[in-house]
Amino acid sequence: MVFLTRRERFSAAHKLWKPEWSEEKNFDVFGKCANQNWHGHNYELFITVKGEVNPETGFVIDLRILGEIINNKIINQLDHKNVNLDCPFMVGKLSTTENLAMGIWAILFPEVKKLGCELHSVKIKETENNSVEYLGN
Amino acid sequence: MVFLTRRERFSAAHKLWKPEWSEEKNFDVFGKCANQNWHGHNYELFITVKGEVNPETGFVIDLRILGEIINNKIINQLDHKNVNLDCPFMVGKLSTTENLAMGIWAILFPEVKKLGCELHSVKIKETENNSVEYLGN
Amino acid sequence: MVFLTRRERFSAAHKLWKPEWSEEKNFDVFGKCANQNWHGHNYELFITVKGEVNPETGFVIDLRILGEIINNKIINQLDHKNVNLDCPFMVGKLSTTENLAMGIWAILFPEVKKLGCELHSVKIKETENNSVEYLGN
Amino acid sequence: MVFLTRRERFSAAHKLWKPEWSEEKNFDVFGKCANQNWHGHNYELFITVKGEVNPETGFVIDLRILGEIINNKIINQLDHKNVNLDCPFMVGKLSTTENLAMGIWAILFPEVKKLGCELHSVKIKETENNSVEYLGN
Amino acid sequence: MVFLTRRERFSAAHKLWKPEWSEEKNFDVFGKCANQNWHGHNYELFITVKGEVNPETGFVIDLRILGEIINNKIINQLDHKNVNLDCPFMVGKLSTTENLAMGIWAILFPEVKKLGCELHSVKIKETENNSVEYLGN
Amino acid sequence: MVFLTRRERFSAAHKLWKPEWSEEKNFDVFGKCANQNWHGHNYELFITVKGEVNPETGFVIDLRILGEIINNKIINQLDHKNVNLDCPFMVGKLSTTENLAMGIWAILFPEVKKLGCELHSVKIKETENNSVEYLGN
């Protein structure tokens, strides 16, 4: 069993805001992340898959195919977009890094399965100081 | 003459969009940066000042004071904000990294002067691949 | 279960030295880390907590509160200090990165518990080449 | 139980090429990594060992000794070398990062054992976007 | 006048070897870089251009066009290639980082000119410890 | 004329303290850097030399020789040492990064001259946020 990690990046806007809460409560809970006019990040995404090494190729997975899937299914929905408004799998959810990681997991898990591997981890680095990792349960 | 550089960071949303242009022309010139619903970055800001070393203190400048000025005058206008909508010195300008660097220069130049130093450079790293530097002329 | 990591930094002096050993034995075991007049590092501290995502907030934990705790309980005892002489929870211990990680764990574990989360890992990067991680057992 | 990680680096050439396959199949499977005249990388190697902290020294392991072993057994076979042609433990294998990690594990596992510790992980970062980790099973 | 820097990367093999010298002299001058079977690096390339900011676009240069030129003229000749054998503008030259920087300058200088800007600097980071910069004279 | 930069690192303790000043004044001017029991850093040192490329070797300078000089003359006086107490060229000076950079310049300038090159810059990164550069006048 070998673990392989691919890093991809996306630059996106978002805000943390609950319409059913007052402005005061939103700022109380979400702080400056509740800024009405949005803010944004250069997100770093680390996708780790695990599997046996194929003795024919020496690969756990073809990285080009994994990269294409991550780009088609995830990066294209997020890069130079607004997480809250533009990203189909985040609409109606709070755009916290935790929810983003779980949303990405739900999409990539079956895709990685099809390639004969298992998704092990979705890690998102929102800033150089803050990151979140989801292992699927 | 010694050069001293302070790094600060801000996470902001922006878009490149000219209201007097058609949507088509905006996308033609600005590409995905024209996304209507904004995108964003973790910007890194490098402020370099130059001056003689004060023999009393061994300092070109008191870094705590320089840091306070950068935070009060710049970071507070940009961090967790929208460059186009929230930042007083960028309103009405295209929010390119070039314009941002020149806008920051205009504010910090007289402030650094008051401290007995000279502003040498404003450098902004928008992503790990793209950065801009302005030296004042 | 989501894992959330916060990075904080501290710049501290220390030395590895056992008073009950001869100078020769100290240098034999600890090498240049035994330098009598101390040396120092920019330590990077990575605190990882794990927990369920609160459906109300989308957060595992309020990062501002976690950050305050790490700063109040740990960084303030270490930043711009001497690990051996100034840090209450390290006095009388060898200031190895291993002992530092276990000392930080002991302090943060109950604090994170109070927030409804679990401390998962304390990782310390002493230099770009050396790091230590403690998971509590 | 504490985990200690040592980073080492090596700059090496390699190619992915199976002599029993046609040129077409090699390029189909390995893409530009099949370039006949080789290409190369600055590999980063992260060796993680785990063990109890020795109460006498405060160490899991003497990092100088660990570093010497990694250099003698691994780095000297790879740094400024050709993985396919010069590295004794890779000859006859496909020089994928997966195989490299498993080859390094096989060599270091008994060496770390002799030091009273256990090898926990061999991680190799081939580029800033791609890395592989092997935990021994 | 604003300076804009674009980073690109390439992974390549090379060796330092002068056929008119003896093996002994080659190793004496070039050390382990003379390894017959090549070694390689993840090179980082930083291209800096300077120019006036276009008041219409807020840009010094269209980064997408600059990126395309760097990729078409430089990266495609070097990425996953052998600098000595595969790169047209390096054939017959010693593949030192100094010569590589000057070779890249010669190609990009007229291209950047056509875009209405001036090439300011070609910087190559060969490893995290070694880099070279060429400013054209 | 090509510029070549070599990075070296040292981990050292220091404090900013003027014996002729009161404790109050020391803390007023130097803040937490005046901590009596020292603090420390992982300093990064970037030495840039400039010169013509030797057509025989393709080198501005032999990096191994430059590295040896930096290590013998500078790193050995600073690594795992106390800047104030152990470093011959800093004794009696305030151990600010500015003074350190000028002290290193004074030592390396004639050494680089002997190698047929010119010292261009001494840059020291004290933390990820603060750095100083000295160009010799």
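Residue numbering begins at 1 within each chain, and the chains themselves are lettered A, B, C, D, E and F in the order written.
Heads up, the rule we're going with is that contacts are C-beta pairs under 8 Å (C-beta built on N, C-alpha and C of every residue); 3 or more make two chains touch, one makes a residue touch a chain.
Keep in mind that what you see is a predicted model, and the values were worked out from it rather than measured.
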> Both subunit B and subunit E are touched by which chains?
Replying inline: F
> How far is the middle of subunit D from the middle of subunit F, if each middle is the mean of its Cα atoms, in Å?
Replying inline: 34
>> Can you work out the whole-Å distance between the CA centroids of subunit C and subunit E?
In response: 42
> Hey, how far is the Cα centre of subunit C from the one of subunit D, in Å?
Replying inline: 29
>> Among all residues of subunit B, which ones touch two or more of the remaining chains?
In response: 128
>> With touch defined as at the top, which chains are paired up in contact here?
In response: A-B, A-C, A-D, B-E, B-F, C-D, C-F, D-E, E-F
>> Can you tell me which positions in subunit A touch subunit D when the two form their complex?
In response: 1-8, 53, 57-60, 62-64
> Across the complex, what residues on subunit B touch subunit E?
Replying inline: 16, 29-31, 93-99, 101-102, 128-135, 137
>> Considering only the defined contacts, which subunit D positions touch subunit E in the complex?
In response: 9, 11-14, 32-33, 35, 37-42, 79-82, 85-86, 127-128
